[in-house]
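First, the structure itself, so that you have it in front of you.
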């Protein structure tokens, strides 16, 4: 457990393409997921920028109507299936989860590798769909549009299907890992909160994703054979498709936000150097969100022809999600109380999320409300709402988490000042982009519109400028991280002073993670870890020196 | 994977064989859960159409051959029995018996698919298909029905005077029938591959009374395929 | 902004597109009874959400200043849980959301189904135009309705899912093929409003709108009278020209030679048409009739097969009038 | 390390008699369901068929799939799957039944009429 143990580590003990591509090491798979999501983020982000530049002024600026329709579809599909869903669970989760549990690997390393390969195959299929006619259905694939358009829906649908199975296998792996691989002494309530969040996420992944699988297969069956279950021309019911689709896709929103909440719990506690406030409430609220997330999908169907009775039930259930979400936020803020707060990039991201999730979560009150949703459904208000949740909360937490675990992944420190600066720029750019969109929505601009009336022009212009700011900031954040690999200072095993187990192994870890079984304790008790020096980072202190009383008690017991 | 490990049956990241067996079996059950949810989408489609058009389902079900369905149920139950027996045999170290029992399971599965093929081809020739299929006799407009089925199909006379909406919904029934049994059939085919793989590993001597997780998990998968058929059979064939 | 070179504007100028007029910062003017109800609930949500948003962020900022590392290097001992506090901040949101749900539901129940005896207008959506059928059989591409009366819209679609949204009335409902959906309004202000398609439906989604005109009752009756009898009151060519506009043909076919989604009608009649399958034909009366009833049987080269049939939307005499009119577009 | 101190099913061997008995019972139940399927049970057909199928499924799960002797948690996983499917089914069926009149009204005007001409 000292710094020179890092001479042989998981990054350099084997080299070559095959040693990465065919690896069974959860850390290597986690990194590959991370690079893949970064690449996909740049792709999806450039689609977003093209969209925003097209909307800079009314009418055609850059692309045609049809190209615009392809762009927003692909932006959604790439960002959701290739970036956000695998971001924290598959990338950070793969790297961190076994380390946090003091385990050598996830329960099923081969399935873990299969899961990454499926992700790649799915990504290739999506790209293939772009090359063979594109996709203009919207990422929601609503029938009968998706069954009648002449774009490459079948290939795209198979791509999403394969990625769905990648997600299922990751979830299956994590659940088995958490159940069966915890070290002796780590009870459920001594697990770090990120593990709870990943557990809740995995439950959603395994329960909901299969339903997306069948919904997508049925779209393919409609297109290839004309089966007609969703086709009104044959007596089918298109609203049934929406039920099947949202039974997955609403819980999927929590696949995006729940792990982000887990990351936030780690960040707030570590950077406030304080025990997380209300551990068990945060843990239970993750499980509560996971379960409730399954019985709220109908709020996507308030105006789609769903019956009034069912809409009312769904509205009531939807409002209950607000309660566990609020509990989490209150507990994070309370964690900062009487802490010792350092403004690292991770902490700045976490604090940004309090603001952004505040907006994203609270605007959910309007969407869940039967009266206001009737006006706001399918407008820019919704667009802004879910970007605040899925980007403002999930992706900001992801980037915060990447900065937090970066020293552990690569054994180097990134440039803190630059990381913090560009995170703040992206935060400002984000607000500039999406706050005006709430106004566009209430004032009457529907979503997925290529063209708009000049009265929305100045709002759209502000939004586009903000988007350019985000684009620049995200690029600079990546650049800062990339540069640190070459120029960064060597990281100590525990640069932040966190008490979770992953900080007990070397930075970067050895191929088998822990040379000796780590000591399991309270994951948020930081009182026995103190800062030594930049080279050695934080080290555990002798409890006797810290508090002689403890030693007395122990010696008398012995 | 660590080659220096003393016990080759134990993967490097597990502490002991019991933990490994437990984890594998747990993972298999979680996978079965996803399979159930995977089928659930089609069951939901079935339930919505059946509850809204009970008369259509009752009518359409008469075109399915109950006897073939019952025989297939029995065949699948037999294969489930031999699969469960194979687990017992591997627990007792009866290597050759395991091979034989898995072989019988595969044969039963092939028999199931053969009967399924008979049913499918019969439906195809008679035009008992979803409404959009070229040969279907359930097209909304009777004039669109292909002349070959009109002249040679045995069931054309029964359906030609139905109300257009009734015809359309009968087409939907067959759409659901083919999707459900088709997806189930794909699972049977995957099961055949799985069983053949297990047979090969068994003959290679991979399994022992201490380590037989793969056979146990394979059998679990096979039982689930059987379980789904137990529900499909009355839901599709036995509507009176 | 000079955008006259853009083809989309040609449609806009041909059909004078009304746009939402704002009333204050947040909303369009309140054009219906439902609008007032919606805005009321919206503002309640605004106060509740605003309070919690400010509370949380103020606390975050305050703590981050007060307990920053340079001020508070060693965290003072403090409790890591407090059940009373947890229960308080569980119960308060619970009560609040129950109340918010209730006020939302209350308004929804009133707004979802029209009261008995409403004036009924049938709405048909198709790519990418709207058609309104009035109780006396008149069809038009503008939604005209009397002020202060309950108006029920019974809607269906001829192709994919569309959605009727009239921002001033704060109502929205999807228009789904193969079934009826309904919504209703009681307009409180005379004037012109936009009806926008809010469910993505393809290429021209953003130009699929209709004009909503609210009259007082006498004016509405007058409009009915003028538009009720086009064929009887006007010459076939004049009636055809009017029909060409009110059946939304103009949305896709210009009369000045500019190709839009579909080919221009200028000099179309009598010309030789080349089709995507390589065949050709001379555009005569039967060709136009076929194009209206089975639009995708013959698709002119360079265009996509996207037109939907007008079967059932045009009477035989109306088709004749349109043909007469198209003969004159030279 | 693991959830509880109960024993995993590793090493539990089922007697051949029990396996064969289960198989025979399943065959008999199949015969029963075919027989009742051919009778007219006045609206209870679906209920009876589903009860028999559920009994068969329970037997398969408990004995063939070893759930009776397995760690209880594996059984809970199975029950969770059934529970969620049930919930999914209930919501969608209630919803589609409630809006069915909108579809039937449309069909009556647009399908049955237009082709009857």
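Lettered A, B, C and D in written order, each chain numbered from 1.
The rule is simple: a contact is a pair of C-beta atoms (placed from the backbone, for glycine too) under 8 Å apart; a residue touches a chain by one contact, two chains touch by 3 or more.
The model shown is predicted, which means the values in this text are computed figures rather than measured ones.
The innermost chain, defined by the distance from its C-alpha mean to the mean of all protein C-alpha atoms, is A. Taking B-D and A-B together, the pair of chains sharing more C-beta contacts is B-D. Each chain gets a centre from the mean of its Cα atoms; for subunit B and subunit D, those two points are 14 Å apart. Averaged C-alpha coordinates give centres for subunit A and subunit D that are 36 Å from one another.
A separation of 44 Å divides the Cα centre of subunit C from that of subunit D. Residue numbers of subunit D whose C-beta contacts span two or more other chains: 1-2, 73, 80-81, 84, 88, 92, 96, 99, 102-103, 107.
Counting only residues that touch two or more partner chains, subunit B has 19, 22, 26, 30, 33, 37, 40, 44, 48, 140, 165, 168.
Listed for subunit A are residues 179-180, 207, 211, 235-237, 239-240, 243, 247, 305, 308, each touching two or more other chains. Of all possible chain pairs, those that touch are A-B, A-C, A-D, B-D, C-D. For subunit A in complex with subunit C, the residues that touch the partner chain are 57-60, 65-66, 69, 136, 138, 142, 144-145, 148-150, 232-233, 235-239, 272-281, 303-305, 308, 311-312, 315-316, 319-320, 322-323, 326-327, 329-331, 333-334, 336-343, 351, 354-355, 358-359, 362-363, 365-366, 368-375, 377-379, 439, 442-444, 446-455, 457, 524. For subunit A in complex with subunit D, the residues that touch the partner chain are 179-180, 182-184, 207, 211, 235, 237, 239-240, 243, 247, 294-295, 298, 305-310, 313. Considering their complex, residues 156, 178-182 of subunit C touch subunit D. Residues of subunit C touching subunit A in their complex: 1, 3, 6, 8-9, 17, 19-20, 22, 25-28, 37-38, 41-42, 45, 48-49, 52-53, 56-57, 59-60, 63-64, 67-69, 72-76, 78, 80-82, 85-86, 89-90, 93-94, 97-98, 100-101, 103-109, 111-113, 159-161, 163, 165, 167, 170-174, 176-179, 181, 194, 196-207, 304. By the touch criterion given at the top, residues 24, 103-109, 111, 168, 172-173, 175-176, 179-181, 206-211, 213-215, 217-218, 221, 225-229, 231, 234-237, 240, 243-244, 247, 512 of subunit A touch subunit B in their complex.
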